[in-house]
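Sharing a structure, written as structure tokens. Questions coming.
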Amino acid sequence: MSAMRRGVSMRDLLVAHDSAGLTGHHIPSSAQSVRDIALITRVEQILEVGPDSIVLLAEELALGGWVVSVALRYAWERRAVALIVSEQSFSESVIELARRFGVALLTTSDGIDRTALTLARELGALEAGILSRLDALHSRVLRAASIPEVLSEISQELGDAVVQLVVDGIVLESHGTRPAEPVVARLVLSPRDRGHRGQEGQHGQHGQHGQHGPELVAAVAPVQQAFADQALARAGMTVRALLLQQELDDLVGAAPLLSFAALSGLREDGAFDDSRSEQPALRRLPSGTSVAAVVLRVADVDQRSARIAPVVTSRWRETFPRVPLARLQSGWFALVPLAEPAAELDDALQRLADSGLGDLGAAVGVAHDPHGTEQVTSLLRRAGLAARLAEPGGPVLDFRRFGPPLLRRLLPAEDALDLALTTYPALLADPQASEIIATVVSYLDCAGSVTAAAEHLGVHRNTVQLRLRHAATLGVTLSHPERLLSTHLLLSALDLRALPVATRPTAEL
Amino acid sequence: MIRRLNAADVGHLCTGAMFVACTIDHESSKQYRDMTLALIELKGGGPVLAPVGSLDPAAMTTSIGFVNQGLMFSEMIPVGDEFETAIALLQERLGVPLQGVFPLAAASVNAMVAVSVALRTGLPLVDADPMGRVFPLVSQTTLALAGLSAGPIALTGPTGETAVVDVFAPARAERIVRALASELGGWAATASYPVTAAQLGAHGVVGSITRLIEIGQILDSSLHTQQKYVRLTSLLGIRKVIRARVTDVEGLSRPSVPGLPDRPSSATLVDEAQGRIVRLEIQNEILMMIVDGAIQAVMPDVITMVRPEDASVAGLDDLWVGNKLDLITFPAAAQWYTAAGRALVEPMAMNVVGPARGGRAR
Amino acid sequence: MRIGVRVTRDEVSAVAAHADGRFSRARSAASGSRTRVVADTLALLAGDGSESVSAVVFEVSGALDREVDASVVSVLIEPRRPREPRRHLWPAEGIPVEIAHVSGGHNALGHELVPLGEDELSRLSAGMHAGSHLVVSAAGAAVNPEHEHRAAELLRSAVAVGSITESSTFYSDSLLVREFTAVLNAVLLAGAEQLAASLADAVSQGLGEGVRAFVATNEGGCTPLSRLAITPVHSICADLAAEMLGAAELARRPDARIIVARPGAVRIGEFVDGLPSVVSRAVLRGGISLASSVAHVVPLTDLLLSGSAEPPVTVLVQGAERELESFGIAPTLVTDDDLVAVGAAVAPVSYWHNRVARVVGADDIERVLAEGEAIARANLVSWGAHPAAVRITESRVLATTYGEAQMIRVRVRGMAATDASGFPSGARLEERRA
């Protein structure tokens, strides 16, 4: 006889059987569930007792105290949870044996046959009770509108035990409190592998890291394990549906942004092609709204998006509930209106980056447009560039704070020199190349302000203007905006102290 | 080799006879030992111990032994001529002279009785027996297993009254002799299982007297306890010696009370080395040894107890809480491990609960 | 207040156990009249009489003397006369005994096997010296003592005997063990009678009339002093039990294994519910069995000590440090008290009911147990115990070794503490018994 495992607790069963007939001589403190009642009337039956059974020895078999010792041994070998025999006095050693084997030992004054019948009936009733609890939980879960609600329902049913939605070892959602010395019930919700893994045998086994899709995990008191398995199984479909729905919502919300991505060239990994014309109309935010572009770049995102997407979108929603996030080939991007001071955005982004995204290989870059005047495409490119330079798991990188060290990562000084020698041979050959380059870089750093550059360099405005004109004669033209960025990058990357000897700076003009 | 037993041999034989049946009262064995020793001194020589093969194969021999039902010999003391009377009656009935005697059981008092009878009658003591240890029933013999007759049986009671029973089936012999023993006053001194030396050699437990003497030689020696165990192990095939402390003794009395019961029916000990719980089931003899709920030894295995300090044979009196004993088990004669042998001697309870498997289900 | 007195040939040592748990002591050398010395010692402990004395318990194992040249005749009643001399137990104790055989005996069911040889008894009595101690032992008397009773009557009417002891007075499955116990008892009788009388006088002299006197027994209890004159053998090794009892009392451990180290001996015993474990036969030096219940006290060995789950309670009597040292254990308690006297002071009165009965069903068993308990209670109450203070510590049936299923042995033990209010001063025990 075998029953589906429904996790009736032995204590519940023995308490439910409240007739005074049962006397406990040893009840193990660890919780155990019962799934069968086995009345042994013939010897060979004892070898067929299944795990988690309560074994009752028929009166005619209890020939002496030693039979109880031997039966305890069998019970242990067969992984039964309890042994019930007719009323008799045990020596302390028999009880000690029960303790060692962790098998409950009880006597009944009711008659073994009657006790077996009573226990079987109680077991059935408790199992039925558990089924109706599960059914009620199922219908509550079906009505839930969000994953946190589902988790809360399950947690309540499990006595406020902790229930979590976990992806790749990262907890997305959590509800309840962790009981002391819990066991773990687990249900895998892999969208690729629709069949969730069996209801049994998955406890506590956390597969190889990075191999898991979303999972429902409950850490419960041992006695609840079987019930928790059942509860998670009932909720699994709903959680999967809610996850898919969220993905869909994200797609819809991000649809308008997708064209930016198409336009900005961010779809092509690493290209900074500014040749396409802009379409400001696509910008949904009114002109003049300060905005920041955020790019979450993930290496190999194609292979892993199915598993990573729920985490990224979920984390994003937690941080920026009303800002849609759009998919790129190499990650995700969003345009965040800067209602708050920029520092708060930075903090929020850093929290996002720290919330486990780094573990997934996501790097975060941001570019600000405090006056709402920048073209969206270039803003996105800057954010994309920042994301490329940012380290997964490291700090969020702001395009404004690109320092020479970071630029050097993009274009090392030696390469820059080579490039400059080819692109600007006349400039490099000029004896005043050093001053001229410093002036051009300063001018571009200061967003084309001669005054600011002069102030920065500690020279007169006229000197700056003189050098810029000189630069133009040496082939460094600043009148073509589309070339400004590359010029800026290239010249910034040059190590002015390492220029060829011929070009050593002379005295100040 | 035919030889005459000396006083030392008789002493060793007694030790060996007590060793293989440690829970049966040792007083009677010692009493017969002392009587035999006195007689040896008087006669100036001991009885002849003859290997089965040294006898004419056609020579008629008989088993010698007390069958008890009622007052024990300690209360209803034999006067000394009972077996001689029984042997004379059996000879008369068989119509052939008996040329050797052997004990009904090579253990406890019956082993000593045979020596005494051999000495008194001058008949050789044949180095064999039909049990190789002691079993409670007359019918539990290897000769019965071989289909040999238990009868005719001649017997004498405490009052001097006698009977000769013409019976074939050992099971019937057991019932009739037991009933007679009760009626005669508590016991019957029997001469039974008349067999030829050839039959005894083929179906008896051969060499059992010598083995008891060898056991006694080891136990009575000045060796250390552990050295004695080493010797015994190679002699008997001892499986294991468990040193354990008595923690609980239950008696047949009801209700049981704390303290020391007069006749323990089970004793619980805790193994010194690993803390395992050892349970001995006692019914005249130790029927079974259970270690942590697993049956470690059961009839026909011999289970016995010795005192750790000197490996002297312990008895029921040693089963008191706090006392420490060495528990020894070894196999009985091979005949008892056949299907028919087991069926004849295994406790009924073994039909109910087979041996535990020892491992836990996965 | 209860007073325990250890009386030896050389010394009288007494301890008073006061109601408030205190002990006071007195000790004197036995010089001159024993009665006088004991009386003075008791008077000293009783003090000004502000605390009444409920009982005096004597421990006399060191004062019991065997009659040196007693003439003892052991009459064995058996179906047949032995063909060779028996190995009796009394030669080992050096007691000279004359043996006579008479036919008779009962079987395990109590049926007569052979009629009692009355003619043989008459012939036997004719050749007997007056003043001989007679011991009568019949096969099967534990089940049916009828032949012993009749033989004793016949002999008593025929000869002026010193004493007649029937073996069935003592419980054992062995005829020769019962015989030996009766023989040993017989040679102790004369001395015990004198001692009992002297001690009874001392109590009335030292404490006045009406104080109950008891004698400590081998199993750790006590019985009325008058019993000492009848079965002195039950007191011959009472010192071992009393010493354990005293140690348990001082350590206040009613359930423990107790070790007592005193000069010359270290012994161990087990206490359950305030009483020492008891075995139903004593083993004397040389392994001789005595049919007397005795506290199970054995010499301590390293083996008994090693690997014990619960450490025993160790009471060290001053002066035995070296003995204890060899076992490497530290004492729980060190005392200079006379543990034997302390134990005697607190020993409970104890009554054993032992008989073999034939039962057919469970009702019979209930009946014989109830009878046994009633007999135990009646005896204890007649000895002065308050009915409510009587505890039945053991009441059970045991299988006999006879292999007759319907024959059982009934064993009941009743006890009562001597400090219970049921021991009223004024009612004199000996008078009531008489």
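Order of writing sets the labels: A, B and C. Residues in every chain begin at 1.
Everything that follows uses one rule, which is that a residue touches a chain if its C-beta (ideal position, glycine included) is under 8 Å from a C-beta of that chain, and two chains touch if they have at least 3 such contacts.
What you see is a predicted model, and the numbers here were worked out from it, not measured in a lab.
Novice: Have a look at which chains touch which and call the overall pattern line, ring, star, complete or other.
Specialist: Its topology is that of a line.
Novice: Comparing B-C against A-B, which pair counts more contacting C-beta pairs?
Specialist: When the contacts at A-B and B-C are counted, B-C has more.
Novice: Calculate how many whole Å lie between the centre of chain A and the centre of chain C, each centre taken as the average of the chain's C-alpha atoms.
Specialist: Roughly 85 Å, centre to centre.
Novice: Roughly how far is chain A from chain B, going centre to centre by Cα mean, in whole Å?
Specialist: Centre separation, chain A to chain B: 77 Å.
Novice: Return the distance between the CA-based centres of chain B and chain C, expressed in whole Å.
Specialist: 36
Novice: At which residue positions does chain B touch at least two other chains?
Specialist: 247, 255-256, 270
Novice: Out of chain C, which residues touch more than one other chain, so two or more?
Specialist: none
Novice: Which of the residues in chain B come into contact with chain C in the complex?
Specialist: These residues of chain B touch chain C: 25, 27, 31, 34-35, 68-72, 74-77, 79-81, 158-160, 182, 185-186, 245, 247, 251-263, 270, 272, 308-309, 317, 320-324.
Novice: Which of the residues in chain C end up touching chain B in this complex?
Specialist: Touching chain B: residues 78-84, 86-87, 105, 107-109, 113-114, 139-140, 142-143, 173-177, 257, 268, 270, 272-273, 275, 277-280, 289, 296, 301, 303-304, 306-309, 393-394, 396-399, 401-404, 409, 411 of chain C.
Novice: For chain B, which residues are in contact with chain A within the complex?
Specialist: It is residues 247-248, 250, 255-256, 266, 268, 270, 277, 279, 281, 288, 290, 292-295, 348-349, 351-354, 356-361 of chain B that touch chain A.
Novice: Inside the complex, what are the residues of chain A that reach chain B?
Specialist: Those in contact with chain B are residues 43, 46, 51, 61, 63-67, 69-74, 76-79, 89, 91-93, 96-97, 100-101.
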